[in-house]
Each structure stands twice: as C-alpha cells, then as structure tokens.
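Each structure below appears as structure tokens.
Shared chain: chain A. Partners: chain B in the first complex, chain C in the second.
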Partner chain A sequence: MQKTLYITSNGRLRRKDNTLYFETETEKRSIDIENIEQIHIFGEVDLNTKALNYISQYGIILHFYNYYGFYAGSFVPRKKSVSGDVVVRQALHYLDKEKRIFLAYCFVESAVYHMMRNLRERKEAEAFLNAIEDEWENGRFNISSISELMGLEGRVRNIYYSSFNQFLPEDFYMEKREKRPPTNPINALISFGNSLIYSTVLTEIYHTQLDPSISFLHEPSEKRFSLSLDISEIFKPLIVDSVIFKLLNNRQITLEHFDEDLNYCYLNQEGRKIFINELRNKLETTVRHRQLNRNVSYKGYIRLECYKLIKHFIGDQVYSPLKAWW
Partner chain B sequence: MPEEIQELQDLKFQGIKINYLYVCKRKLWLFSKNITFENQSDKVLLGRILHEYSYPKEETKEVLIDNLIMIDILSDGAVREVKYSSKMKEADIMQVMYYLYYLKQKGIEKQGVINYPKERRKETLQLTPEYEQKVKEALSEIEEITSQATPPPATKQKVCKSCAYFEFCWG
Partner chain C sequence: MFVIVTYDVNEKRVNKVRKILKKYFTWVQNSVFEGEITYGKLEKCKRELFSVIEKDEDSVYFYEMEYKIVCNKKILGQEKNYDSVIL
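This part shows the complex of A and B:
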C-alpha cells in the first residue's frame, strides 16, 4: 500500500538528482517517492518548482495546513485517470433530482449509521442513541429535497454531538458544534480530524475517474472539491470520531495540547503529532472484506467507496454505501 | 469489395483491446471508457519493467504504427510481442495475429513471435486464413461490446485475483 507522509516540522523539500529530500536545520532525510501517495504539510516548508515537478511525476498530492492546523489547500498534479464518459454520467446523476437525492440520502444514511454505531456500546449515551433513532426513522421516509435531508441530518448530528458530554472527560465539554473557527478544544479536535479526512478522501478520488467537483449532498458550488465533502460524511464518524474518543478517554490528549489565540482554539504541535499518529494507525488498520476476501485498510475502504460510485454512474451496480459490519 | 468487409476494415483498435476481449469482456468495456487502474497495479509495473529491460540489444523497440498499434520489437522480419507469462496464450496469439492482419492491410507481410523471456520460451506465428477470419470476428465483437451503454457484468474467473480491476469489480 502506498504511504502517507505527514510533515510537522519546519524545513525544505528538495529534489537532488532523482531523490527527494526533506531537510531541516539539523537533519536531511530522503523520501521514498515511489511509495508515497500524499504528503500532509503542517510545518513551515519551502519548496520550489523543481521539487513540485518531480512530485507531480509520481502523482503525489500535497495538502497544506496553516499555522493553526486549518486546511489551506492542496497541490493536485495533472490528473492521469480521466474518463469523459464517467464525468458525463456523474453529472447526469447530479442534474436528475431523484438520482441526486438517492445518492445524497445514501451518504447521510451511512453517516447516521456510523454515528449510531459509535454510541451503541456506550451505556451513558443510550438515551441519545434512542433519540437519534426516533429522529431518523421518523424523518427519513419523507424527504423530497436536499434541504430537507440536510435539515434531518443536522438534527441527528446535534443529538449525536450533545451525547459526547456523557462519555468524554469533563475538560472537553461541548456546548455546541462550531466551526471556523473552533473556540474550544473538542471542536478544534473535530475540525482538525475532519479536514484530514477531507484531504485524504480527495487523494483517493484523484486516483479514480470521478470528478471531485460534482457532488450530490453538498452543492457543487460550496467548495472546489465538494464530492470529497460528500464521501467524508461516511468516514468522519467512522474514523475521526473514534480516534477522538480513544485519545481523550485514554488521556493521551489533554488540555495542555491546545493553544488559544484570540478567539481560536487549536492543537499545538505536540497535540497534532499525537493525533496524526493515531489517525494514521487507524487509516492503516485493516478489516477483512467479505466479498474481496482480502484485508482492506480504512483508507482502502475510502477507495472502494469511489469505485462503487463509478459503478453506479456507469449503470453497473446500484450504489450502496459502506455500513461498517465489524 | 462488399460493403460489409469494407466496414470491417475500418474497425481499428489498439492491440490490447483484442487481448482483453479474450481475457475479460468487462475489462475491455471499462478500458474502452478509460476506466483504468493499471497504473496502480504491481503486476502491470512488473510487466512494464520486463518490457524495458528485456532484449536490450534490439534497436527497433516500441514502434507505434498509425498512432494506434504499438509493436514491442521489430526484428528479422518479425513482429515480436513480449509477455510476462504464457497464462493468457490465446489472448496473446490473437493480439499478434491482429498486428499481422493490420500490417497485411497495409501491404506488409510479417511473421509473428511471442517472447516469454521469464519462461525462456517463444512462440512463432503465421497469419493463416483461419486466423484472419478470427481477427475479423474479434474486431466486430469489440465494436459490439464497447458500444454497449453498460459494462458486461462481472464474472468470477481465476484471473480476477491478479487483475488490476479486482477491487473495482468485487469491492
């Protein structure tokens, strides 16, 4: 499996002959470019076009995050796997209202399924689990527009987030979910994790023929690569939230791993390292796939989700979103 | 010349499509729509490396004709195709027969050779009227499959597990 590189320190990415190096003031490390799929850059990193051209030859995507760890953007090399046929059909599924709602519903259904899965084993959250179930079961059969679906999803998510206070350490009390900018530690964690998933999904989409800008649940105008937002819905509760629960309940991340700046709250470098490490472990963890009869990593399941969408668009197999069975 | 045959002669495909027709029709359809995963497959990478490093003394390698068919090696009056293994022998033979047929249309008559360098084996081929007919049939079958709106359904074969499309088809 191709690897993901996370750079948290400051330095320079340099190409020398046919090797890529990451140099800091104290050390120089060569990067095994053949086996890298994406690089997440959190530190202050210099690089030039010589390095960029070399990186793009290998189809490696660079994701940049600013000083506070917020996602800034990605360098995406010229796409190699392009199929006009797939893109045209993908667009048809956006334009047809029923087809669009079907896919949007699938993403939400899987997201809700994974939220409930996260709460199922927690006694403290039982009441919330029941509330989510009620809300979802009552609402899901009467959806006639994307905005209604979004509304339902929002209500479910509010119950879900409010249940966190029942089983997370008191330090991480959450009034409500807030983004841009997060003002307390738990929101900062969720935002940080979600943006990592967003960019990881983007990398997987890049390796398929899907067009990342044509989306279904989110409006294509919302963000440049909004299909990545759609698919992220499935994996945010499945991957990010379970990483957060683990880190907080094991006291691996505590309040001392956060810095505050004006109204922001963000993970400091040490905190980021702990989080990234745990997330990387999660993404590389494998689960036996029942049809493939092979071990597939969490990251691999993101790729499979992309494949299923392509099969849906070309009329091969109706899309059925991932519902973790393990 | 009857109209039907004229049309058949207009059917031109990359040689690999003839190969895929015999390996897997679904793969052929997907490939024809540019839905490819070959660049992520270790097996394909091995094949590419084999092509690069076999027969270093041959000078006419990777000859592209009419921007369409890519002949691995041209030497001693033969069209040579290099393959990693002989597991898909029928498909390999048909691919080379198509090259021979294609060249014949252009007034060039050649012999065909399939090299299996890892097995230290080679297969020498001659375009016979029977194979010529088979190539024509293959071309119209490719036309038929690739013009369908949806891909042929996946059918489990032994080769699936080493195919670059395995996770796409079965995941």
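This part shows the complex of A and C:
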C-alpha cells in the first residue's frame, strides 16, 4: 500500500507547507508524504537537514545511487522496531557454526530453486537446467563450510548465466558475469536490478526487528548491511531476472537504452525509467498465499521472509525459505 | 481505498485545507485531490481538516471507493500525470 518513489531527474527535495516538494527547473510537485515508504534517488538531488528531519519523522528511507546506478547508501531514520532479544538470538545463530550453515544453505537452496524455475519453461535451456541440477545435487550434501557453499553457489550461477545466451536477443550476448563495472548491457541490467532489490530488502528488514548487519551466507564484516544481501539471494532470480527476460524478449529495452563508454556500460535515464517501471509492477503483483489465505505482493513476500527468520531465531518455527509454487 | 476529495472553503482557510490535503493525496485540479489511502490515514486527515474548517460555512466532500478499479476515470483533453511515482 505504501508507495515507493523513484527520482531519476535532477532537482531539489524540500520541505514546504508541511509536506515534501520535488522541484526541478521546469516543474514543482508536491509529494503526499503520508503515503510514502521509501524514495530511491538516481538523479542529482539537493536536500537539506530540514527536509531530512521531516522525512525521518515519517520513517521514510532514502536510497542513494551513484551516476552509474550503483547503490551508494541509504538514509535510514531512527529504527522504531527494535528488540534486543531478537538481535541477541540472531547473533547466536551466527556464532554457532551448524546453525549458521543451515541458514546459509537455506538461502542458496531457494536461490538455486528459483534459478531452475526461470529456466524450466525454456526449451533452449534444457541442457543447462540439467547441468545445474547435477552440480547442485552432487554438491549439496557434502558442504562443511560456508566457503564451500559459496563455491558451489558460484558454479551453479555460472552455468545459469551462461544459459542466458540461448534465449535472450543476440544483442545481449553475455560472455561472463562482470561487476564493478559492468562492461556490457546485460551485465549492466543485472547489476542495476540487483542493487534495486538490495535496497528494497533493506527497507523491509528495517520494518522488522532484525539487525541488518548480522548475516549468515555473506560475512557480516563486509561493512555493509549484509543480511539484505543474504535475503536478496532468494529474490534476485525470482524478481530481477524475470523482469530482465521480459523486457529484453519483448524488446522494451534495446541497445539504444545504454550508454557505453571505454570500459563500462550503464543504463541511460530512459532505460532506467522503463526498467524501474517494470520492476515496480512486478513488486506489486500479488499471489495468493496458501497459509495466510490472502493475496500477498512480491514485496510482501520479502517482508514475510524476514518474519520467518525472526520466528526461526526465537525458536518458534524452523525456517524454510520461499520456493515459488506458482 | 481510493478517495476523491473536493472542497469549497472560504478564501481565508482555503490554503490551510489545501496544505493538509497535500500531505495525504495527489493534487489533480483546483480544489480536487485524489489518491489511495488507508482507513486510518483517512480518519487522521479528516480530523486535521475538522480542526481547520468552519463547520457552518465550509464543506469538504469525500468520495470513498473500496477499490481503485471501481472508479472508472475518463479524461477529456489533457491528462496530467501528477501521481506518477517515477520523477
């Protein structure tokens, strides 16, 4: 219900008339602050402490992205839902090696499940699907450390990405996954989508009692809110990849939506708008939840994932990761 | 729920009313706001308005719909996209 705002143009956010205004050189728009949950900022935006103070009153999170669309950081207002009990228990699950591997395995399992789900409908990718299944089935039972798990996940992901060439348009040929910086359009798309998901997950964690810096699959010492990296693993193939497939196969995004420079590549403003719009539609799509017996949006499923983790930490119910059944 | 708000208020208070409505809804036309909102927030908005308006002089109309789809919005002439979430 609460809206997410995306700002791709340049301008100024300011507090005026006890609400928020976004002003560009040509137009001025008031924002219905009561209904906003988070704001993603891609353009060059000015704002001052007066605006920040007002924003934090409403618990709105600001996510900032740099010129190339990479996640730069967030402004997170004082956390209102805190529970020392949950944080302590969360940390205990990190310290206990067995418990930590269990959770890390859950995240990877769900990620692999969703990757296979993406390929299942495509005839061209059948060989790759079998390869992933082999790799996964052989590896999954002899994992004794997190780094082994990471290695297995990396191998699966490599096969997964190499299957993209079979069903995506030729313009978007991918030799290999490259990050920081992406050098070709498809890598740029994946990176951009992942950073959006990453911050969306962070917003959902913020609304629960979880501590975003204690993670299980990723090392928590990475100076980042790494729990949201963990949870994003589940949703990256489920949400981002299917949005990319749709946009490319319907030719909604073509090569003209990219700016290419000497050794990197990124979406231009027009391309970002198309991508964001599609991702937003996806996040708002609802699917009937079998236990709750009501419709839950993809975004809602992210929140539910956080709640399931809390239940696991306090010993209420063992965590079982989301596996899309629809 | 989806709500359309129109108001006819004495000039002295018209700005106060407008500023309150701006926090909750998107501005559509002069004296008209619309938007999706929760029951709780709508109630909060009404209370705020009630403390500002003069009961026997001003009026604010709320057209409340359970779902946005129920409202069959048709536009003649210019459509101004004030409620887009991508700026």
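Side notes on the structure shown:
The definition used in the following text is that the second predicted complex is superposed on the first by the 324 of 326 C-alpha atoms of A that agree within 3 Å, B and C clash if a C-alpha of one lies under 4 Å from a C-alpha of the other, contacts with A are read in each partner's own complex, and residues count from 1 in each chain.
Convention: a residue touches a chain if its C-beta (ideal position, glycine included) is under 8 Å from a C-beta of that chain, and two chains touch if they have at least 3 such contacts.
Computed from a predicted structure; not experimentally measured.
In the superposition on chain A, A:292 makes contact with chain B only, not with chain C. By the document's definition of touching, neither partner reaches A:219: not chain B, not chain C. With both structures placed on the common chain, the touch criterion links A:33 to chain C but leaves chain B unconnected. Within the superposed three-chain model, A:261 lies out of touch with both chain B and chain C [touch as defined at top]. Applying the stated contact rule after C-alpha superposition, one finds that A:276 touches chain C and leaves chain B untouched. Once the two complexes are laid over each other on the shared chain, residue contacts for A:17 go to chain C alone; chain B is not touched. For chain A in complex with chain C, the residues that touch the partner chain are 1, 3-9, 11, 17-19, 22, 24, 29-30, 32-35, 273, 276-277, 280. Within the complex, the chain B residues that touch chain A are 33-37, 39-40, 149-151, 153, 166-168, 170-171. Chain A makes touch with chain B in their complex at residues 59, 80-86, 207, 209, 289, 291-292, 296, 300, 303-304, 307-308, 310-311, 314-316.
Against chain A, the residues of chain C that register as touching in their complex are 19, 22-27, 35-38, 41, 44-45, 82, 85-87.
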